[in-house]
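The next block holds one structure in the form of C-alpha cells; read it before the comments.
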Amino acid sequence: MAFDIDAAMPFVGDTLYGRLRRACGAEWDAYVGHRFVRELAAGTLPKDEFLAWMVQDYLYLVHYTRAYALLVYKSDTVAQMHSAAGIVHGLLNEEMHLHRQILAAEGIDEARLMRTPETIETLAYGRYVLDRAQSGDALDLVVTLSACLAGYGEIGLRLMCDPATKVEGNPYRDWIATYGGEIYIGLVKEGLERMEEVSLSHGGAARFALLLREFRQAVWLETAFWEAGRTALGFESDG
Amino acid sequence: MAFDIDAAMPFVGDTLYGRLRRACGAEWDAYVGHRFVRELAAGTLPKDEFLAWMVQDYLYLVHYTRAYALLVYKSDTVAQMHSAAGIVHGLLNEEMHLHRQILAAEGIDEARLMRTPETIETLAYGRYVLDRAQSGDALDLVVTLSACLAGYGEIGLRLMCDPATKVEGNPYRDWIATYGGEIYIGLVKEGLERMEEVSLSHGGAARFALLLREFRQAVWLETAFWEAGRTALGFESDG
Amino acid sequence: MAFDIDAAMPFVGDTLYGRLRRACGAEWDAYVGHRFVRELAAGTLPKDEFLAWMVQDYLYLVHYTRAYALLVYKSDTVAQMHSAAGIVHGLLNEEMHLHRQILAAEGIDEARLMRTPETIETLAYGRYVLDRAQSGDALDLVVTLSACLAGYGEIGLRLMCDPATKVEGNPYRDWIATYGGEIYIGLVKEGLERMEEVSLSHGGAARFALLLREFRQAVWLETAFWEAGRTALGFESDG
Amino acid sequence: MAFDIDAAMPFVGDTLYGRLRRACGAEWDAYVGHRFVRELAAGTLPKDEFLAWMVQDYLYLVHYTRAYALLVYKSDTVAQMHSAAGIVHGLLNEEMHLHRQILAAEGIDEARLMRTPETIETLAYGRYVLDRAQSGDALDLVVTLSACLAGYGEIGLRLMCDPATKVEGNPYRDWIATYGGEIYIGLVKEGLERMEEVSLSHGGAARFALLLREFRQAVWLETAFWEAGRTALGFESDG
C-alpha cells in the first residue's frame, strides 16, 4: 500500500513523533497493517469479533482517560492543564459515550460492559500506559499515548486513501470514516502539536533512546491489542 | 457565635465528615474563626492583604485542581470518573476563572499572577494535599480536600447568619455571599455525599484514626493559610 | 489433592488474606493447581519452557520490586518503611540475585536477560500490580502483592506434602524446596502479619468487596503467568 | 568568605548540578551562608534551637527517604534500582539512626520525636520534594534532591576551610565534621555522578529552564528550613 504520510499528515514531518514512528519501521507496519485492519477494510471482519474488540476498547479507554487525567496533574502551566482536562472531558463525554451508544444498539448495555473481564491484551496495554505516565514525566506520558492517538488517525487515512478499501456495503465504513475524518485528524494534529511543545521544554531530542523504548513497546501492545476481541471470544490466536 | 451546624448544614450530621470535623474541636474553631475571617466579616481587612491572599489562593487552586485530577485517576467506576472530571472542569473554568477576573479588575493579570512566588503556606498546603492524594487512596484524597471544600462553605454560612457581620458597605460582601450562597453550598453537599459514598466502599469508619490525622493536618494548614497574604506582603505574623 | 491449609499454614486462618483466598474458590485452585505446577511436581516440564518462564519471572520481579519500593513511600510509620525497605533489599540482593545465578549457570547472562522482550503476561501482571500500588493505598498494594507472595508458598508446601510429587531425579526439586522451605514460608508469615496489621488500621474488613476485586484479578494474572514461558517460546497456548 | 568550589569539590565543574548552582547566584549564597550556618560556625547557636531544628530535620528525612524510594520505582535499569535502594537503606539505617541517637542522648526518644508536629517549613519542603518526585521523572527527582545532598556537603566544606570557624570548644564541631568529612563528601560525589548519568539519558541540558525552576524552589525551601527550629520553638522570625 503506497501510503504517503507527508501528503496525508503533513504536520508529522520531522517532529519527535515523526522520528519515533519512522524508527519503528516494520513494527509500525505490523500495527497499522494488521489482519484486523485489513479485514475492516475488506468488510470481512466477523461482527462478533468486532463487537468483542469494541467492548475491550471501551475497557481500555477507561485507563487511557486515567492517563490523560495524570497529564492534568503533570502539566507545567495552567494552559497545559486546561488542554489536558479538555481531552479527559472529550474522552468521557464523546469517545466513550459513542462506544456506549454503538454497543447499546447491539444489546450490550453499560452494566454488561463493566462486567466483561478485561483480556490479557487490555490489561497489559492499559496498565503499561499508566505505568509510564506515573513513572515518567509529561513527555513520557504523551509519547506513550501517541502510538494510539496518531496511529488510529493514520489507519483511518490509509483505509480511506486506499482504492482497495470496500466502501459500499462495508459494515465498518463508519469506523473508517471516524478515524480518517476531519474531526479526528484535527485532534491528532492538536495532540502532536502539544507533544512537540512538551518535547521542546522537556528535552525530547536528547532523550530519544529512552522515549523510543516506550513508544516501541506501546506500538507492540497496540498490535497485540487487535487480538483482544478474539481472546475475549476464546479464538485461537493466529498471530 | 452560636452557629448551629445541624440547622445550617443538615447534610453533615453523623457522616464521616461530621465526625472528623467534631473531632478537631478547638483546631476547627481556630480555622473557621480566624482573625482573617473576622476581619472579612467586619469589612476591616486591608485590601492589599486581601489581594495578596487571593493571589496565593489562586496559586493554591492550581494544586487543588491537580489533586482532583488524581481523583479521576483513582476512581473505582466510570461514574466517579465523570464526577471528578466535572470538578476539575469547574475549578479551571469557573473558580479559577473568577479569581482571574477579580484580580484582573485590580490590575493583576495572569502573567503577573504566575510570576508571584508561592509563600511557604501555599507551598506547604498545596503539596501536602497532593502527597496524601498520591500516597493514599481515593478516600484519603477526598478527606484531605474536604477541610477546604466544606470549611469555606461553613465560613460563608457562619458570616451570613451572624448578625454582627457588616453587610452595607462591606467590601467583602461578595466573597461572603459566594461561599455562603446556594450554589457553593450545593457543591459542598454534593462533595460530602460523594465522600460518604467513597467512605462506605473504602472502610471510612474503620480507618478513622488515620483519616483524622490527615484531616487535622489539613485544618492546621488551612489556618496557617489565612496568613499567606501577610507573608507575601512581608508582614510580621501575629499568629 | 487433600491439602489442609490450616495445618500447613496455620497463620492464615481467618485473616484478611485467608478470607480473600477462600473467596476465590475455583479461581484459586486454577492458579495453585495449574498444569505448569503439576509438571514441576512430576518433573516433566520441558527445561526450555522452565528457563523461558524463569527469564520472564525475573523481568516480572523488576516490577514486583518497584511495587515494594512504593510501599516504602506509602508507609504510615518509620517502622513500616524499614520493613518495606528490607523487602526491596531482599528482592534485589537475594531473590533476583538467585535468578541471575541460576540463569547464568544455563548460559543466560544479565545482558541477554535484559534484552529479552517481556511477554504479554509479564507486561500485564507487572503493570497491573503497579497500577493498584499507585492508585490505591498501602492496603491495596499489599493485598495485590499477596497473591504472589503467599501463593508461591502454598504451592511449595502443596508439592512437598503431596506423596505424588516426584522427589528423586526431579530437576525442579530445588525450586519446590525453596518455595515450600522454612525460609520462604517464614517470609510469607511475616508478610501476612504485616498485611493484617495494615488491614486493621486501613479498614480491611469494611473494604472487602473492592479488595477482593483486585486480589481476584491478581490471581487470574498469576494463572495466566504460568504460560509466560510458552508465550516467550512461541508455543500455542492450551489454556 | 573566599570559598573555591573548584578546589573543594572538583567533581562539580560544569555538570548539570554545577550549572544549576551557579544560576542560583545570590539565592544559593543565602542558603549556604544563612545565619543558622554562621552561628554553627561560631558555636553561638542556642542549643534548644539546634535540637528543635534537628527534630524537624529528622521529620524531613522521612519524606526525603520516601522520595528516594520513588527513585527505585522510577529507575530505568536494575543497576539504578540497586543504587537508589542503597540510599534508602543508608538513610534509614545510618543518617536517621544517627539523628535518633543524638536526640536520644538529649532525652528526646523516638516516641516524642514522632509526636512533634512538623513546622510549616518542614511540611513545605518535604512535600514539595515528593511532588516533584511524583510528577516529574527520575531527573526531576534527583535535581530537586540535589540542593539538599550537595548543599550540605558544601556547607560542611566551607566551614571546615574557613579560618574564622571556631574549632576548639564548638559544640557543633561534630556536625561540621560530618558534612564536610570524607564519607559524606564521597556520597555527594557519587550522588552527583548518578545525577549526571541520569541527566545525559534524560536530556538534562535541553530541559535546563524547567529544572532550574525546581532546583531554585528547593534552594529557597532549604533557606526557609534553617528557621524550622525557631518556628517550632515559637520564636519570631528575623528572616
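As written, the chains take the letters A, B, C and D, and residue 1 is the first residue of each chain.
Following the convention adopted for this analysis, a contact is a pair of C-beta atoms (placed from the backbone, for glycine too) under 8 Å apart; a residue touches a chain by one contact, two chains touch by 3 or more.
In this text, all values refer to a predicted model and were calculated from it rather than measured experimentally.
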item	value
Homomeric contact chain C-chain D: same or different residue positions, threshold half	same
Degree value of the rotation bringing chain B onto chain C, based on Cα positions, nearest 5	180
Averaged-CA centre spacing for the pair chain D and chain A, given as whole angstrom	43
Euclidean distance of C-alpha centroids - chain C vs chain D, Å	38
Approximate Å spacing (C-alpha centroids) for the pair chain A, chain C	32
Multi-chain contact sites of chain B, meaning residues that touch two or more partners	73, 134
Residues on chain B engaged by chain D in the complex (per definition of touch)	63, 117, 120-121, 123-124, 127-128, 130-131, 134, 217, 220-221, 224, 236-237
Contact footprint of chain A on chain D as seen in their complex	73-74, 76, 134-137, 140, 201-207, 209-210
Residue numbers on chain B that touch chain A, as the complex places them	62, 65-66, 69-70, 72-73, 75, 77-78, 81-82, 84-85, 88-89, 92, 96, 110, 114
